[in-house]
Amino acid sequence: MRDLTYGEAVNAALHRLMEELPETLVYGEDVGVPGGVFGVTRGLRKQYGERAFDTPISESAILGSAVGAAMMGRRPIVEIMWADFSLVALDQIVNQAANVRYVSGGRLTAPLTIRTQQGNAPGACAQHSQCLEALFLHVPGLRVCMPSTPQDAYDLLVTAVHCDDPVLVVENRTLYFGRKEPVRTDGPVQPMGGARTRRAGSDVTVVTWGAMTHQVLEAAEALAREGVDAEVLETPWLNPFDTETVIESAGRTGRLAVVHEANVTGGFGAEVVARVAGAGVPLAAPPIRIGTPDVRMPAAPVLAQALVPDAARVIEEVKRLTKAGAP
Amino acid sequence: MRDLTYGEAVNAALHRLMEELPETLVYGEDVGVPGGVFGVTRGLRKQYGERAFDTPISESAILGSAVGAAMMGRRPIVEIMWADFSLVALDQIVNQAANVRYVSGGRLTAPLTIRTQQGNAPGACAQHSQCLEALFLHVPGLRVCMPSTPQDAYDLLVTAVHCDDPVLVVENRTLYFGRKEPVRTDGPVQPMGGARTRRAGSDVTVVTWGAMTHQVLEAAEALAREGVDAEVLETPWLNPFDTETVIESAGRTGRLAVVHEANVTGGFGAEVVARVAGAGVPLAAPPIRIGTPDVRMPAAPVLAQALVPDAARVIEEVKRLTKAGAP
Amino acid sequence: MSERRLADLLAMWRIRAFEEKVRDLRAEGPIVGSVHLCIGQEAIPVGACGELEPHDALFATYRGHGWALARGVPARPLFAELMGRASGVNGGRGGSAYFTAADHGFHGENSIVGAGAPIACGAALAGRFDGSHRVAVSVFGDGAMNQGAVHEAMNFAAAFSLPVVFVCENNRYSELTPIADMVRAPRLADRAAAYGIPGHRIDGNDAEAVRFHVRDALEVAREGGGPTLLECMTERLVGHYIGDAETYRRPGELERVRRREPIARLREGLLADGVPAADLDAVERRARAEMAAAAEAALAEPPADPATAREHLYA
Amino acid sequence: MSERRLADLLAMWRIRAFEEKVRDLRAEGPIVGSVHLCIGQEAIPVGACGELEPHDALFATYRGHGWALARGVPARPLFAELMGRASGVNGGRGGSAYFTAADHGFHGENSIVGAGAPIACGAALAGRFDGSHRVAVSVFGDGAMNQGAVHEAMNFAAAFSLPVVFVCENNRYSELTPIADMVRAPRLADRAAAYGIPGHRIDGNDAEAVRFHVRDALEVAREGGGPTLLECMTERLVGHYIGDAETYRRPGELERVRRREPIARLREGLLADGVPAADLDAVERRARAEMAAAAEAALAEPPADPATAREHLYA
């Protein structure tokens, strides 16, 4: 066990992967010599030389070359500095990486890992604030995860790079410099998928992922003090998604809230609700979704705070949910 | 009234718009002199000269220049030949067009219209077959519609171009050369939004959009012959989406199926189901979603047919739905 | 010398016969959907592929049948692929415009204009670490030169001296639009200077010229000198896709083009060199017979099995 | 002549004083988030903007404060914008890196590298139809030259002879990475040849040189001659963003850079021409006082109202 921040845990995973998988490469804008704008790739260039390098500001070239290198047996780990920037080169993820295995009938594969980070942070503009996981989750052929703890930041990345398919690891820059936590860095490669019961409870099931997990856990503690016993399920793996655990929990508590930072409409919360509804899970009240309302993100923190869900809003809405009656 | 195919209706709308709005421009790859790879922009170059033109194969330049021209008071109508190709330049739609009005507080606007077409057609490869509306529907600031009839192909485009915000009009190439139908081409600009009750019914509500509408209507007729009275709601406008009509209908019939050609997971069907579930509409059976399973699209028609929903599958699944009991 | 030219002739005839067969099969029904033929452009793949090592990687476009054949992919599973047979190189999943045959060093067609160029860079990059030092060949059209991904790829390859040969098949049209109307500086090879790499405009209807320049570019690449851009001037004798009405052709254009086309030219040259017409006719007949047999065999093979349609999405 | 140079000095001092004030406000709290200062690069906006007509359009980047000021956007609503006040040019919605002030011909910053270049093409295109024949100026950094969108924009503008002036501020770094390591041909202006348009590398620390070349490019553009690429060599005296540890700097680098920086250089020149030091000091003081007053006024203004956060998404 090592005491690591979330960012340090990513870094530790990268070091381990470079060590244990000689076919890994780490590259992207400023990730080599400077060690990353968030310091997350620090030390790799020094230790692994040419296997870690800086690139031009060319997301299509970064992602496309990763697809090509992966086809030829490398395991590139490339960084897209902000998820927002993936939109200049989404073709390489959706039309290229996701098709390699399927179209070739498994004769070619594309085991690349795309590390990115997303979400709002105080003062960030509309072009540096989006949560875009739903876009990737609509694309068959990709794997997607969103760690929220140092241990998961470590484990999920290790699993992603060992995976033989393209994986997006969506980190969050507001977590990089958080509290240090003990992280097991010498464990085996964890299996892909699965939900984490971050808090057991019996009154309501709250499903969440990414940085929002921390808001939800804070809310759950506050709710407990008010007599509402929330079960918090974090689903750090969104593809594959652990539908069974969510259905089991929602069936047991009879109430479901899904919380994500992404805009509500078309967010992955809709998919979670649709799966639970489609499974015919009997609920005591209509399921709710808590997310950023359907609006762009303003830079002024005072405006953004009115939009991005926080613990207070989760408390309020979940409380209302637990009081609501059956349809 | 003029007898027009779907493609001719689009063409007629473009001619009307060029006529009545001098600030329109029509451009994209092969849309000028050649009149479009599907002939949909035929005659514009001849009639309106420089206002209709061909471009390099540069989707970022096409979309970006449309944003800039729209900011300065033009109403560009640009074509992205296949929705799949939008992925090389999605930034200009999501990070640029969608932000203009919001970030400037309404001081700048971006009244551009993006015409594209999507979906599978026999023999089309994985990079020319995707239904991507869910991606655009997760982006606040965009308007999105998907006409399925000649009249709507005409009306929706006219409305889109008159709209003061960025609008995506997602057509379907399998419809362009379909049956001629009488189209009213001299009517007023239709309001944005609204659902179409394509068939009234009392046993089950089937919500659908795009080319799938025709499969669903065919299925509904067959179902009627078997004693299942399906209400078919087409929602050609997906943003704004007419949630009220869907909820009213589902509440009345007690059963809900959503049918789209897009992949199921993360498709807009999830949003529709989540809204109905969230509204607490009492249903006699769990809602179902019918779409392309979560897989890439193979080129061989015999393989693709096993994936893309058709009338037979809609019949089968809706029949099962009407027999299913309450949760 | 005339032996190699005869071999070139055979290789080009194979491609043309393949494409003409495809055209027939598309008209008759067994092939469905959008098909882009390379009739008239055969000298480029034939000239280029002979110089490649088995471990080199080749990335083509939807107009890639000729490249696959020149790279050694057998015609039968190619026909099968286009006809959606289980025995196709991708079991019918790729189709005419998006198949791969990595076993033969053919790393795929691509139906997104320009998208293959960055992918080729990655294949070259991989070769730096796996000890193969493979060269990657990236093929695209004139129109693709205006796509951002191609620009990024050329700079990426140049900055890192990656062993990539960028082969631009300039057939003067991007679909239905003349490239001359879409650029201000029509010599696309000159764009290489922007990246600090060599660029040459060459006669793409002459397999020997293509061979010479590709060999040179490969040498530079293998010696660590980085990428080269080759603009191969050519013409397609057919539409952009099967069904293209070719309304954009100017009067007399196709006639002029036919005088330059690679097969007729090479035939003329060989005749002038004294090769008997009968020998040349035999080459054509042989190629046609091979392709007819391959197509017929593929036609008899069973279609892809719909029950397998969901397989191979993930590991 | 020395009058204009004094005006340049004042304009540059205004920008620098603005930026230094922003730095303070970022340290003290009223400004939050990522901020990219243009300290050291002031001569480019000052030289360029004076030549623009009110109806011309200007598209800058996240490093755009100086461009906005030089274009005539008042400092007070800019400070207010950065501090999230209702009175900000966008009511706090844009922030430091993504505001617009179209009333002043400032069509916006952009926080996606390279994305502004195609948008500028559209503004120029619009001018062809609305009778204004406006010129659009597209500003971006050296690193942006490797972004596909910039390539597409340059070709698009060239092919259609659009009146666009592409201003590349080459400050030798893309964030933390030297541009020299990311390209093989370091003279980015030479890329203009790829598009068949003029390209010039100029001294971006000399407002007069910038003015001359921008004027020339505007003339070409207004006469229908199409776009020009100007590579303005400069240096930022500060980090990429506030908080950048600048570990990438080489020993002595900043000292050398400071000898070239535009304000010190112009001051020296004016001193040599006999302008009294006291007059020059007065210019600095005046600029600082103006900016201090503007910042203070903005600071006193009410914050944006959260109740308005959902407004203006659609018409």
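In this document, chain identifiers A, B, C and D correspond to the written order of the chains, with residue numbering beginning at 1 in each.
The criterion applied here is as follows: a residue touches a chain if its C-beta (ideal position, glycine included) is under 8 Å from a C-beta of that chain, and two chains touch if they have at least 3 such contacts.
Bear in mind the structure is a predicted one, so any value in this text is a computation, not a measurement.
Peer 1: Return the chain whose centre of C-alpha atoms lies at maximal distance from the corresponding centre of chain D.
Peer 2: C
Peer 1: Could you please state the distance in Å, as a whole number, between where the Cα atoms of chain A are centred and where those of chain D are centred?
Peer 2: Using C-alpha averages as centres, the distance is 36 Å.
Peer 1: So, what's the distance in Å between the C-alpha centres of chain D and chain B?
Peer 2: Inter-chain centre distance comes to 40 Å.
Peer 1: Scan chain B for residues touching two or more other chains and write them down.
Peer 2: Within chain B, the residues that touch at least two other chains are 55-56, 58-61, 84-85, 88-89, 91, 95, 99, 102-103, 125-127, 140-141, 294-296, 298.
Peer 1: What positions in chain D touch 2 or more of the other chains?
Peer 2: Counting only residues that touch two or more other chains, chain D contributes 91, 93-94, 98, 110, 112, 115, 146-149, 152, 155-156, 159, 181-183, 313.
Peer 1: When you draw the chains as points and link the ones that touch, which shape shows up: line, ring, star, complete, or other?
Peer 2: Contact pattern: complete, every chain touching every other.
Peer 1: Mind pulling up the chain B residues that touch chain A in the complex?
Peer 2: Contacts found on chain B: 60, 84-85, 87-91, 94-95, 98-99, 102-103, 125-127, 130, 134-135, 137-141, 239, 262-263, 265-271, 273-274, 276-282, 285-289, 294-296, 298, 327.
Peer 1: Spell out the part of chain C that touches chain D in their complex, as residue ranges.
Peer 2: 146-149, 151-152, 155-156, 158-159, 161, 181-185, 190-191, 193-197, 226
Peer 1: Mind listing the chain C positions that touch chain A in their complex?
Peer 2: Interface residues on the chain C side: 57, 59, 90-91, 93-94, 98-100, 102-103, 107-108, 110, 112, 115, 117-130, 134, 136, 148-149, 152-153, 155-156, 159-160, 311-315.
Peer 1: Can you check the complex and tell me which residues of chain A touch chain C?
Peer 2: Residues in contact with chain C: 23, 25, 50-51, 53, 55-56, 58-74, 76, 88-89, 91-92, 95-96, 99, 101-109, 140-141, 143, 163-165.
Peer 1: Can you check the complex and tell me which residues of chain C touch chain B?
Peer 2: 31-34, 62, 84-85, 88, 91-98, 110-115, 143-144, 146-149, 174-177, 181-183, 247-248, 303-304, 306-310, 313
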